[in-house]
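Next come the structures, one after another.
The two complexes that follow have subunit A in common; it is paired with subunit B in the first and with subunit C in the second.
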Partner chain A sequence: MGENVQHLSFLQDNGGKKGILAWITTTDHKRIGLLYFYSLTVFFLMGVVLGILMRLELMNPGKDLVEPQTYNSLFTLHGVIMIFLFVIPGIPAVFGNIALPLLLGARDVAFPKLNLLSWYLYILGALMALSTLLFGNAPDTGWTFYAPYSVRTGTNVTMAVLAAFILGFSSILTGLNFIVTIHRMRAPGMTWFRMPLFSWALYATAWIQLLATPVVGITLLMIAVERMLGIGLFDPSLGGDPILYQHLFWIYSHPAVYIMILPGMGVISEMIPVFARRRIFGYKAIAYSSLAIAFIGYFVWGHHMFTSGMSGPARVIFSLLTFLVAVPSAIKVFNWVATLYGGSIDLKPPLLYALGFIFLFLIGGLTGLVNGALAADVHIHDTYFVVGHFHYVMFGGTGFAFFAALHYWFPKVYGKMYNVKHATRAFWVLFTGFNILYFPMLVVGMMGMPRRYYDYLPQFHIPNLISTFGSWIVVSGLIYMIVVLIQGYRKGTPAGKNPWGGLTLDWQTDSPPITENFVELPIVTEGPYEYK
Partner chain B sequence: MEEHKSHIIDYLTQIKVWVALVIFTLITVATAEVDFAMLTVAVALTIASVKSILVLLYFMHLKFESRILNLFVIVVMLVFLAMIVFTFFDYIFRLSHGS
Partner chain C sequence: MNTNNSPSAHVHRDDEAQKMGMWFFLFTELLLFGGLFLVYSIYRFKNPDAFAHGAKELNVVLGAINTIVLLTSSLTAALSITAIQKGQKKLALGLVLFTIFCALIFLVNKYFEWGHKFEIGIYPGSDLLRAIPRGEALFFVLYYFMTGLHAIHVIVGAIILGFMARYIQTGLINSDYYVLLENGALYWHLVDLIWIFLFPLLYLIH
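Let's look at the complex of A and B:
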């Protein structure tokens, strides 16, 4: 019995339900991954629109488009949407959900219902955050909600921090689910060191999600309590300490940078051996470096506070630790390059995005070290150099890794192949536009232009003009990429089980995979990248 | 076949732990009257930690769980401890530098 049963793909199998109900009540990890993907895409595009409006305002000195207060709300909501609704959930929630059980040879995540709950919490948090656009005055504190301003401002900060609080629960549940899945649901024969490296990266990320997120949850709740009840926690006029807020906020928010970047690094580690047709160089070093980044990343938060009035010895300690975290990051980059060396490189779109990631992340990472140096930071703190730096890390790093994963697993998820030639062109448009948009920010920051102002001095005009021009190219690249992928979904040729020649278990099952991934659970006998 | 081994803690042990928790609560209240200066928070947190450990070990059955679960809890506790120590180092340095 059962051998001749027709297995439906997860896209076809509605579980006896109809229409949208079959999606919003699903417990299939791939469908939940797609639910996240579609919602994240909407929020990402909203964030892009807000970013473009900011760039239009900054195209020339003086007022071009919006009032100063509107500009303050624009950069706050751009930050909140991009950080809390796109970059933090990004790769784990979408591609972790879609790929992790497939990579491990499991039928689903450990807690499928909890997985769906985490998506609902994400949507609830997102709606609460976006409601601040419609009700009350939109928050104007920046995404960091620094006290005491966030306690005193008349804008709708309370709703925004409660939204971030709810979103934190979503992140914690995803992390918990992944930890248990990785511990308990690996296929027979899949030892820890036979796990694909994306799983290692998700594992390290999940621990940060689990341990660091509650800290920001309680901190943001304290802001809400201080605003509503007037209890002096962070506001000096009420007897509070604003530096304590910064400590608590960055205890989460710096590890959160690794929630954002570690899964991206995992994606890259997955792709490099596939498109170089070589066994990955330094598997264990890459796996352990994920854990090392996660661990050291907990103890570097003070580098955001060098000019905040923190004590001198604490600044020295945090600066030293910041330099230490660069070591495991560099280990990964060296191992990726060593894997590519001598390989049969196939420059398909996923690899192009992966190489784009390495290039842009290198600039982001190295400019991060400039920020981490105490003396240099005093000069560049709160300038556009920092804005350029973190966009190289967040967008150039996590964003490009997200696009790499999207192009890599697209044929697996939809069973169709997009037009490779056009996808390649879209990459080059995006990559070129990205550098024209963000590199001038590094320059104008070094020149001394402060961040978070709607106006600037005339000497900063040219870099800002170039940057705004770059933003139009980036948008063109994004539209091009989206059109290519939609065309691929609608009219793409059948991709087959394994279009890239991958050796991991995700490529051994159908495209799109069946509801429970495998007809029979695979038995693993060797590592994931054993190219001969 | 029973796969999951369950462990039942006898009433006497439960009561002993409860009494210990009550005693530690009384100590917390008593120490609140004493000025430990810079160590005030450290003293309060140490007592609270001992109480938490008792709850984890006996009421939450960690004493009878696998080694990996114990390891997880220890690592989490150490990370949490490190966060507090780093934050309070800044405070101590700020106080000692008079800023």
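Let's look at the complex of A and C:
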């Protein structure tokens, strides 16, 4: 216990095991976070490749590259990978795991072994989902697996839904772990309202993971059972009700979009005060609005079904609730802007990504309201407007928040700093490409181009051409960013404990942190953003 | 191995957290079955007569026996905790083993029940099921799905209790540290609880 004891960083401390074994049997939350990070990056890039292929096919009207059936499989697997393997686990599994115990002043999460189990389940689910690329026919239902088509198609849907079931289980266990961690492991003196806002966001997210995921789990299981045993739960010709499937699916999957976005918002709330050197404006409003989003988010699922058979009053109520859920999101945006106002802003890459997030999320959120309005939705339902909308929210929102978190905690995790100038440039390439890729989708959707087709009418050509061009810029931006980060990892200058001047506990320990985070558990006496 | 001397190397133990985690997990289990209950109520609402007719086919006696068996097993699971708290290791072990025994009886009963249904041609995908009215077929589909998923939980619960028995034997679970047993018993109560709902829904409502 003496002063002379040297504490190994978590990257070096193999706990007496060798090589890869020291990683795949670790229970250290930071290592597990990195395991998630590496695997998730691989899947994300696979999803991007599928996206690029689709864009290539759509570059010109008519057949350019793939058969129609192949295209159907492309968007299905692209959707499944991006949703179940990237955005849903995304920020909680990677940065929640890495940062939550550090932010709380804890040595680890409440159940470290369970944490590792979640990762194994994630990998198992991922392999099952990807195996459909190789064995049998790749599923062609879209990531939503709508019945009755999903019950009748000859493609390998059973495997895909079972994969989603396993992935859901992994997500539940992560959420459960975080809730208990936040309840039980906060450092002495860290009251609920002294918690960093990222922990609040993770807390709200974890509740959604816990309470919504089982419902989709059982629903997907029903699809699998229906296919395997030939029984009629959803197939109308066998007495089932396909609309019921849609209800059950969206009862989970709408809350799930808040699983995707809330942690992103938490990351942004964490960064804005640091780079503005100001106390966050409206701490409690931001914390409570996370809970409000989580809560209201349960009651809006019907807005995915405005055109598929629902009574008039039900549609009006769902539309109204959809408008309501936008309020807490707007509260956050106003609070972030108010925090920036009058701050001494330091435009480093993490903040750039955060600002990019706010801009893109604003577009995504506002187009969401267009979808939520009953009369408008009847026209734009299932058009490229929707595709544009959800890429703005999921990629522009959660994706950019993910990159923000990556640039923010990179020096903490690896102890080294990447090249800030190049990282900034990579951001601009990505940001520009993003808008060139997706803005035309909003336009062409308004013009009436339907989604999930490998072909389109000639009058949609120009916007599609621009969009495909944008996809190349996005990929260049991604490659640029990855190269900069890898260079930073290999040759970066030592970052020191606190390169950004943050006040939260993660910045008070070494970079990279030691195995159990803190030599002595910190004692907390004030809020997380008390810039003087 | 210098990290081992760090002040943090002591084992972190928090029984409260363990129990909290278990309760949250049980919520998710309830919601899992909740989806099925929802589907059941909607289809029942749509086909009230067919469901009533289907329910007549089920064997109430076997169902009732299984209900009693599970209720008894829940009691013995709970008693085993009291026993271990008082340090009565042998008694606790016996009670856990008895609980597992009840699980087995339940499964054997279930086997006969299902077996009989198969014999008269009521099983998913059978010709008979294709021929009868759709609402009734849905009833049987849900019957198999719900009791099947429940039976899987019985098996998992029995395995968990098996580990508990082993831990009591080795002394890992003792009068000072028994949160594992509490959690195992909690899981078992859940299995019981779900059956308490399944039994009237499937067997009793005509």
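In this section, the second predicted complex is superposed on the first by the 529 of 532 C-alpha atoms of A that agree within 3 Å, B and C clash if a C-alpha of one lies under 4 Å from a C-alpha of the other, contacts with A are read in each partner's own complex, and residues count from 1 in each chain.
Heads up, the rule we're going with is that contacts are C-beta pairs under 8 Å (C-beta built on N, C-alpha and C of every residue); 3 or more make two chains touch, one makes a residue touch a chain.
Just so it is clear, the model here is predicted, and its values are computed rather than measured.
Judged by the touch definition given at the top, the superposed model places A:L8 against subunit C, while subunit B stays out of reach.
Contacts of A:L233 after superposition: subunit C is touched, whereas subunit B is not reached.
Contacts of A:L211 after superposition: both subunit B and subunit C are touched.
Applying the stated contact rule after C-alpha superposition, one finds that A:F299 touches subunit B and leaves subunit C untouched. With both structures placed on the common chain, the touch criterion links A:I317 to subunit B but leaves subunit C unconnected. When the two structures are aligned on the shared chain, A:E520 is found in touch with subunit C, with no touch to subunit B. Residues 183, 211, 215, 244, 248 of subunit A lie at the contact with subunit B in one complex and at the contact with subunit C in the other.
Interface residues of subunit B, counted against subunit A in their complex, comprise 68, 76, 79-80, 82-83, 86-87, 89-91, 93-94, 97, 99.
By the touch criterion stated above, subunit C contacts subunit A in their complex at residues 1-3, 5-8, 12, 14, 16-17, 20-21, 24-25, 27-29, 31-36, 38-39, 42-43, 46, 124-125, 129, 134-135, 137-138, 141, 145.
Of all the residues in subunit A, the ones that touch subunit B in their complex are 183, 211, 215, 243-244, 247-248, 251, 298-299, 302, 309-314, 317. For subunit A in complex with subunit C, the residues that touch the partner chain are 1, 5-8, 13, 16, 107-108, 110-111, 114, 172, 176-177, 179-180, 183-185, 210-211, 213-215, 217-219, 222, 225, 229-233, 238-241, 244, 248, 514-516, 518-520.
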